[in-house]
Structures are given as structure tokens and as C-alpha cells.
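Structures are listed in the sections that come next.
What follows is chain A paired twice: with chain B in the first complex and chain C in the second.
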Partner chain A sequence: MEKVGIVGVGQTKYERKKEDTFAELVFEATTAALADAGAEIGDIDNVVTVSNDFWDGRTISSMAVQDAAGSYNKDVSCVEGDGVFGAMYGMMRALSGSFDTTLVVAHVKGSEGNMNLITNAMFDPIYQRQIGIDATSSAALQARRYMEKTGATEEDFARVSVKNHSNGVNNPLAQIRKKITIDDVMKSRKISEPLKLFDCSPITDGAAAIVISNAKGVKRFKKDPIWILGASHLSDSYTLGYRDLAYPRALEAASKKAYAMAGITDPLKQLDVAELADAYSYMELLWYEGLGLSPKGKGAELIRSGATGMDGELPVNPSGGLLSAHPVLVAGLARIIEVTLQLRGEAGDRQIKGASKALAHGINGPCGQAHGVFVLGS
Partner chain B sequence: MDVENIYYHGRIKVPYKWYVGETGSRFLVELRDNKELWGIQCPKCNKVFLPPSKTCWECFTPTEKWVKLKNAGVVESYTIAHYSEGVAPRDVPIIYGLIKIDGADGSLIHFIGDIDPDKVSVGMRVKAVFAEERTGSILDIKHFAPSDE
Partner chain C sequence: MGKKVAVVGFGQTKGRSSRKDVNGVELINEAVVAALADAELTIDDIDAIVIGNMDHFEGINYVDSWSVEGSGGVMKPIFKVTTGGTTGTTVAMCAYYHVASGMFDRVLAIGWEKNSESDTTGAIITAFDPVWERPNLGGAIAGLALEASKYMTNYGVTERDGARVAVRERLHALNNPYAHLHQEWMKGLAVDQLVDLLVTSEQNQVLAFPLRMSDMCPRTDGSAAVIFASEDVAEKIAPVPAWVHATANRHNFSLAGDVDMDRNTTMAAASKAVFEKAGIKEPLKEIDVCELYMPYSYAGLKWMEDFGFCAYGEGPKLLWDGVTDMDGELPVNPSGGVMSSNAIGATALIRVGEAAIQVMGKAGTRQVQRDVNLAFATGFGGCYWADVMLLGKKKPA
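This part shows the complex of A and B:
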């Protein structure tokens, strides 16, 4: 694909309850990304904000952060979805010929709304919303379906949580930095069976920003770009019940496209690090399968093998993942930022030595309806 | 400067009425008046959708043929939710099921009831139990209960 890359990244610390307004969070992330790029707001040709009206509690949620995103007198638009999809749009704009550089910035304050009610509202009001399902109870239906189809166990889900929490200890920006055991997960409070407290990502506040540039624009910045080698996003049926919850075929299709662009034929071997949307522990196993890291139905075997641990063949979620901090929407940008830091060799205590090819993944909609995949390289 | 942090507490309440469409209306009228479950079939792939869909989302083709389905099916998945925000008219724990209705290709998300939560299993046969007072809503099905059918 035509050359386009990431030249700056910035994020706030992720916390349960931040004493900052939406605009303050966005300003902090934006200025951090610009400083990281060695740039000023004038180097940015257009802005993509990422927000959701229900999470913000106001319509046209992007308007609350326009000043803080530095979008005055610039072309600005909003993506209502995970940050990975905001980055996709930002990349397309930098490739469009109309702009050379894009700032993408996402914010959320999970602490100010009500996650269960907000995610209940994503379901169809006629047939599903009245039943009361939300992100967690629908995920629980998916988790059990996956167990039935593949033989994965609750202990396998717990292994994901243990791994990612262990990784999160090394991430100074993570919200939860605490080692836990399989026993801790298994004995944690039942939320929506088979999911327990430590299978679920936390409620988080925070913001993140990235600067994307095409080949022409990169000379404005001081940082060497991390190039986007492949990118794809695809959607499955919106209606839960119309798609096979036990296998993410949209992710399989999206990753195959991104791999083809990036020349990846054996992702487990060729990728050095991956950051996936583990909003609930079991999801990481499904995404292994969709990404071709394990054969279909064998995601649990991959976690059991240790291949995705910090010392494994392909460390997954060295940042601690969403299980260690889940700023909804922001999460996708945080995945991209983490692998960018890894590829630059700037990931501190969680650095994977010599990482040169990485994958970042994000989801939209209930139970991973839509998937976005980036393959990045230094 | 030390400043007291002020929080503004609000609540967004906006009344809506959604037209459910011709297809949805037919489905809900059958539930309300006849206690019957009807699916709608894609003429191209022959899949039967429940809840009904005006368009087959895979074939991008208008669905046409209504198919009367049994009021029974199989539990494909379930969860026992130990919390409630008051949306569902049920007490916790709430059992949600993904119900594969006989003759339909998709599954319906609904409550499972008349059973101890510990006794629910995947593959269990269930039948629709209808509400006494029906209003033309998905809640005209009260829940799905264990069945020998």
C-alpha cells in the first residue's frame, strides 16, 4: 500500500475516575502526541475525533472537545466507534490526497455514565433492548457458546486474565496493576455466568491521540514513522443470533486482507507483538482464532501453551490489555500506541526485544460485531 | 489553587415511539393475537429469520415468504446475570438464553424461566410461555420454559 505511518502518540494515565473534563483529557492527549512527534498544531492538516453520544451524555459529542483537539479552522469529523476505526478513517484521509497529516483523538469517561444502560442501548429497541441485555450479558452468551463449540473452559478464560493482569503490572499507565492467580479469577464474584469479575474489563476514564502522516508529510515531524503495512476492517451481522457467536468470521476476513497487504503468511511466527481487544477474557481466545494465530476452535490451546505470554513466540497484550484498563473507544488507539512504542523500543519494562512487526486490533458492536486490524512495522 | 470539585447530576429521559415496520408489525401481531411465532424467509438462501428482517443481510435480497414456526426450540447458550439496571421486568438472577427456534436459522435472545438457574443447560428443549396481557411487543413472550416437546 502507499506509504502512511504513525509519527506521534500520546495518552493520559488510565484511571477509574479522573478529575478532568472531556476537553482536559483531550488536550492532554493531543499535546502529548504533538510533543512526541516534535510537532505543533499547525503541522496537522485535519482532525478526527472519536466519541460516542451515549457515553458522553450529549448529542454531537465531538463538539465538546473541538477546541481541545486543536481543530479550529481545520477540517474535522467524528468517528463514533472504537479508536481503531477512527485511526482507519484518519489513515484514509492522509491517503486521500486532500490532507497529508491527521490527528486522531479519542476520549471517554466511563465513570460518569452507566456502562450497563449505555451498552443496553446499542441493541435493537424492538426485539432486544427490552430484554435488558448489555455488553456483559451478551458477552456471557458468547463465552458459553464458545465453550460449547470448542471445549474451552472457564480456567482457560482465567489464564487470559492472569496473563494480561501480570503484563499490566509493567505498564505505568494501566488502571489495574495487580498480579492475580487462576484461583482469584475463578473465585471472583459472578457477574453474568460464566463471566466473573476478573473476566471483565474495568470501567475507565482516559484519552489517547495519534498523529498519522503520508510519505509527503513525514518531513514535518522529528520521529521516525512507524509504517502501516496493512489495514482492514469488516463487519458481521448486527443482530445477535444471526451470526455464529463462537467464531469471528469478520475478523478472519479482515486479518487475511491486512496480512496480504503486509506480506504476512504465518502471523504467529512473523509478528513480534500483538495488542487485541480483550474486553472480556474469553474474547482473546476467539480473536486468536480469527487472526489465524491458532487453528479454528483451538484458541484455548494457544493460551495454555504459553505462546502468547511475554516470553512466548508472540506476546499478546504486553500493555495489560483492556482487562487492565478499558477506556471504551479510546482502547483501540491505546492498542495502536502500545505497539508503536514496542516497535520504537520505547516500551520500558514491558519491551519486547527487537520487535519489528506488530498487530493492533479493535472491535465495535456487541460481541465483536465489527473488527479492525492494523499491521505495523518499524 | 484548591477548588471544590462540582459534579452536575443529570438523567437523559427522552420518550420515543419507533415504527417497527410492516414486517415487524406482522410478527408482533401474530405474537399478540395468536400466540404464534412467524419467521420470514429469504428467497435466495432460504434462511428463515427470527426476529424477522425485511432484508436478508447476507444475500441483500428482500425477504418474502412468511413461515409459521413452532413455539419451541433449543437453548444454544445461556447466562445467569446477577445484576439488573431495571430494564428487564425480572428479578435477579436473570437467565438470558439464545434460543434456536425449530425451523428458524437464527436464534432469539430471550428470558428462560420456570426453572432453577442451576438446572439450565445448553441443548435443553424449551417452549414459549406467553404473557397473560399482550401488547404487541417481544415481551408478549414472557419467557421460554423447559419442555418435553
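This part shows the complex of A and C:
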């Protein structure tokens, strides 16, 4: 693919019950990303916003943030899904020949909605909603199926939570900054068998923005670009019963394509850092397998080996991941931002030394139905 | 850098008030199957999919995920874009950029809506600011009535002028087998007589002055799918592809109070950007046919001025002179337009599809009787937002 990269990033602090409006959050993230890039809004050729009408409680949710995103008199569109898909579209626009630079900005206020009702609404209205299924209870089904198929245990899931919470302590923007033990996770309140409180990501408010530029546009910005080496997205079936919930074949196919573009043949060795969508602790193990970081069915062995810890072969979620802050939709952009900071060497106390190749990942739909993968390099 | 892109296939469902025989996924599937058949492709040929609708009309969250078994998105790249009334053109533009980026060769754009499952105005009201605007100026009709009143006052326009637009759209719809409204009773009556009937009939209820039932679009169940292809494959798929010459949008406003009620400034800015890109100096002369997202009659007067088809205040003259009729200099909405079918998420995509089939010479009974070199399509929605796309027979340089 032609050269395209990330030249600016900005985020709000992630918290529950922020008082800012949607527009104020978007303005804060946009302003921060422009400042980071050493740019002004005039350097931006077009804008992609990311929002969701259910989470915002507004139809045409993008209407609330057009001015705050700086899109006045510019071409603009709105992706309704995880931020990683917003970044995908922003990148396509920068490659299309119509624009050199794209601002992508996402917002959410999880605290203003009801997660159970909002995610219940992604299920079939006639046959499934009535049983009360939502993001968490469907995730619990997936976790159970994964345990059944691979022999992974609740303690293995707890290891993911302990690792990511421990990492989150070093991230000043994270919502939860608290060291916990396997025992803390195992003894935490049951949410949906086998998932317990510390297996589940929190309800979060926040916004994030990135500036994407093609090779021609980069001279407008002061920072060296972090290049997009590979990018791919793919969806599995919708009906849970049509899928093997214990193996993410869509992630496998998407990552293979992104790796091929980036020239990666052994991701565990060649990648220096990865940020994955750990909405629930067990998911990180599934995504290890889909991304080819571990053999099929061996995700639990990878977490047990410590290879994905801060000192391991491939640190995963140095930011603390979604378990430390889960602004829905914003999440994918936050993953891209974290690896961008890592590749620039600007990740502060959580810096992975010498990181030069990284992976960022986001999901859409129940039980990680659709996946977006970016491979980035300095 | 950037691939040239063309429309190579189009499928749509017949507009209906209520499609109780299908669910949303099945409705989507009908349009996808029709578009694939039109392009003589199979779903395996499709490299990526873009879909759009308005969440609150059907109450389905994450429609891109929910619909894959009907859209063909299983194990394909798919995501959702949505921007209100402009959703259909937003989907079209997104598919265009997928292909232009060089990452995908054949991309399927899908727009759909089952308005029968919704309270349309109830849902649209929630687009507006909950504190400042919902209590006083929400919904689809109020803002348009305000715009029409202002326009009538500014230029001495009458209710007969508005009704003349409605008559054109409904007469054109009689040629379109996919249109929702087929007002057969209009057949054989003179235009003047129809206009008189619309402005005097007590059955033609006033909704919000000056808008009557006949001035508004219907609520429709329907879906549409358009296939975009890169220059590397387009001519192999379609004998006459409809090339995208330029596309642009402007979504400048967040609050209804920000909107300039005197002129449609976003429609003017977006179309100006496209005309500049395509080197068009006299749009009335150079464009051969239009498919415009005009959800109510007075848009067919005032917005024509904002596109630059005539001077300010001269929309009624353009109309009464017959310039925009099927046999006029610039036929507008041969399909019958939005006033004859409005399945909201599909509506603007249908404009693109209808413009494309005019270029491709596949519009059947509604094909304009002239050589179509350039066709102009628009989307409208949100807070006076505008999307435009110009299609042409010649591959752009």
C-alpha cells in the first residue's frame, strides 16, 4: 500500500461520570491531537467522526459534534462502530487522492446510558432480546465455551486482568489504576458465570482523536509519522450459533492480511508491542490465538508464560487495556494512540524500550464478531 | 494516487408503506441480490461492504453486525456509516473511497430502512439538542415549513408553485415501477388542473403551514444496493459504467438555530466544490439529468437556485417553464424522487443508483430521451446537511 501514517494523537482522561457534553469531549480530544501534531484545523483536509445513536441517546449522533470536530466547510462522515473502523475509513480517505489528511475523532459517555439495554439491542428483536442477553452475558457464554474447548481456567482469565490492571497503574489517563491479585479477581463479585467483576471492563466516558496523513501531507506536521504498515478488517457471522465462539476465524484472516502487507511472518517475535480489545479478560486469550501469537487452543499458555507481560517477549496492553478504561467506540482509537506513543518513545512510565513495530486491534458486535487490525511502525 | 471509480450495478426494492412479509435482514438481501444480478456478479466477487440506516427507526444496534447474513458480509470487511437523511450518499461516498484508496476493487454499498417499524418524527426529534431544541423545533416537518415560509416571503412564491413541484414528482413516479406512490388518478389531467386540486382540496390536509400532505415525502420500507468498482475491473463488469467524476459534502451545522433559513448554504457549497472539481461552469447546460434528495416540494424551487441552475427567486419560473420535466432541458427526478419514495437510509443511495442507470442507459420506462453524459445526485439530511455526487459516461482524466 502507499505510504500513510499517524501524525497526531489526543485523548481526554478516561473517567466515569464526566460532566462535559459530547461536543466538549470531542473538542478537547481534537484540540489535543492538533496540538500534538503541531497543526491547526486548516491543516486538516477532511474529518471522520465516530459515534453511536444508542450510546448517545440521539438519532444522527454525529450532529452533536460536527462543529466541535472542526468539520465546518470540510468533507465529513461518521462511522458507527469501534474507532478502529473509523481509523480504517480515515486512512482510505487519505489514500483516495481526494485528501491528504484526515482527522478521526470518537466520543462516548457510557455513564449516560444503560449498557445492558444498549447491548441487548444488538440482538435479534424477536427471538433473543427477551431472554435478556447482552454484551456481558453473551461474553460469558463465549468464555465458558473457550474453557470447555481449550482447558483454560478462570485463573487464566484472572491472570489477564492482573497483568492489565498492573499496567494501567502506569497510565495517567486510565480510569482504574489499581494493582490487584489473582485472588482479588477470583473473589470479586460474580457478574455472569464465569465472569466476575474484575474480568469485566468498566463503564467509561471519554474521547480520542488521531490525525492521519499520506506521504504528501506529512510536511504540514512537526512530528515524524508513525507509518501504517498493514491494515485489515473482517466480520464473522452474526448468529452466535453459526460461529465457533472459541476461535476467532475473522481475526485470523484479518491479521494474516495485515501481516502480509507489513511483511510480518512471526508476529510474536517481530512485533514489539500490541494493544488488544480486552473488553472481558478471557477475550485477550482468544485474540492471542486469532492473531497467531500462540498456537490454536494455547492462549492460556501464553499468558501463563509471562510472554505478554511488560518484560515479556511481546508486551500486550501496556496502557492497561479496556479492563482499565473502556470508552466504547473510542476504544479502538485509544489502542492506536497507545501504540503510536510507544513507537514514538513517548509512553512515559509504561514505555517498551526500542519498540519499532506494533499492533492495534478493535472489535464490533457481540462476542467480537468483527475485527479491525492495524500494524504500525516507526 | 487514487483509483478512478465507477458504478457498475444497482438494485432496489419496490417502495411500500409496510413490508410485513420480510424482516430487515431479508429486505436488505433483496436489494443485494438485485444489485449483484444487475452487475452479473456473485457475492464472492465483492471485496468489501458498507451499510447504513438510522438506528432509532428500527431499534437495532450495530446494524452492520446484525445484517451480515443478509448483506453477504460473513467473512468480509464491513462497517457502518450513518449521517441521518444523507446516510445513502454517505454510504455511496464511503464505498467510493474504499475503491479509490486502492485497497478494494469491488465494493457493495447498502442503504435500507423499515419506517413502518418506527415513529419517524419521534425518532428524528431526538437528533436535536435535548435541552435547547427538542421542546420547540424538532422533527422532520417543522424546520421545512419554516424554510418554505421564509422563501415564500422573500420571493413572493405561492402555494401553487409548491404544488407544481409535487405534480412533477408524482407524474414522474408513474414511470417508475419501484416508486412507493403511484397516484394513478393524476393520469390524463392537465398540470394546471392538478395544481388547483392540490391547493384547494380539503382532503389535502395542512400539516404545518404552508406544507400539505401532498408537499411531503411518504414513509417507506425499502432497501437499495449499489456496486462500485475500480478502473481495473469496471469496464469488464459493465458495458457502460457510470464513472464518479466528483463527490463532496458539507455538514456545517450542529444546531437548528445555526442554519441560514434564507439560502441552503451547504447544498450550494457542496455542489460548488463538485462543479469546480469537474470543471463545470454552466450546470444547467452541462448536466443532463438530476436525481436530487428533495424531501418536500419547496426544495424543488429554492434549492434549484442554490445549485446554480437559476438565479435567486427564479426557481418557480424554471419549474413552470417545464425545464425540469422529463422532456425539458434538465429533467429532474425521473424516478419521482424522494417525494414519491422515502426509505430514509436507502433514499440518497437510490438517488446515486438512479443517476447511474440514466448514464448507463438502463432506466427503462423512466430513461430520459437524450444522451446522458453527466448525471447529478444529492443527499440531504441532518441539520441542513448536503452530500453530492456527479456521475458521467466518460472516464475522468
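Quick notes on this one:
As a working rule, the second predicted complex is superposed on the first by the 378 of 378 C-alpha atoms of A that agree within 3 Å, B and C clash if a C-alpha of one lies under 4 Å from a C-alpha of the other, contacts with A are read in each partner's own complex, and residues count from 1 in each chain.
In this section, contacts are C-beta pairs under 8 Å (C-beta built on N, C-alpha and C of every residue); 3 or more make two chains touch, one makes a residue touch a chain.
The model shown is predicted, which means the values in this text are computed figures rather than measured ones.
Of the two partner chains placed by superposition, only chain B is touched by A:140; chain C is not.
In the superposed model, A:114 makes contact with chain B only, not with chain C. Looking at the shared chain after the overlay, A:148 reaches chain B, while chain C stays out of its contact range. Touch criterion met: A:96 reaches chain C, while chain B stays clear of it.
In the superposition on chain A, contact of A:19 is made with chain B only, not with chain C. Once the two complexes are overlaid on the shared chain, A:191 sits against chain B while remaining clear of chain C. Once the two complexes are laid over each other on the shared chain, residue contacts for A:81 go to chain C alone; chain B is not touched.
Within the superposed three-chain arrangement, the count of touched residues of chain A is higher for C, of the candidates chain B and chain C. Touch criterion met: A:125 reaches chain B and chain C at once.
Applying the stated contact rule after C-alpha superposition, one finds that A:240 touches chain B and leaves chain C untouched.
In the three-chain superposition model, chain A touches both chain B and chain C at residues 57, 124-126, 237-239, 242. Considering their complex, residues 5, 10, 12, 16, 18, 20, 24, 49, 51, 53, 57-58, 76-85, 87-88, 90, 94, 96-98, 106-111, 122, 137-139 of chain B touch chain A. Those residues of chain A that touch chain C in the complex are listed here as 1-2, 23, 52-54, 57-60, 62-68, 71-81, 85, 88-89, 91-93, 95-98, 118-119, 121-122, 124-126, 214, 216, 232-239, 242, 249-250, 253, 364-366, 369-370. Listed in rising order, the residues of chain A touching chain B in the complex are 19, 57, 114, 116-117, 120, 124-134, 136-138, 140-145, 148, 189-195, 237-242, 245. Against chain A, in their complex, chain C makes its touches with residues 1-3, 23, 54-57, 59-69, 73-84, 90, 93-94, 96-98, 100-103, 123-124, 126-130, 248-254, 258, 269, 381-383.
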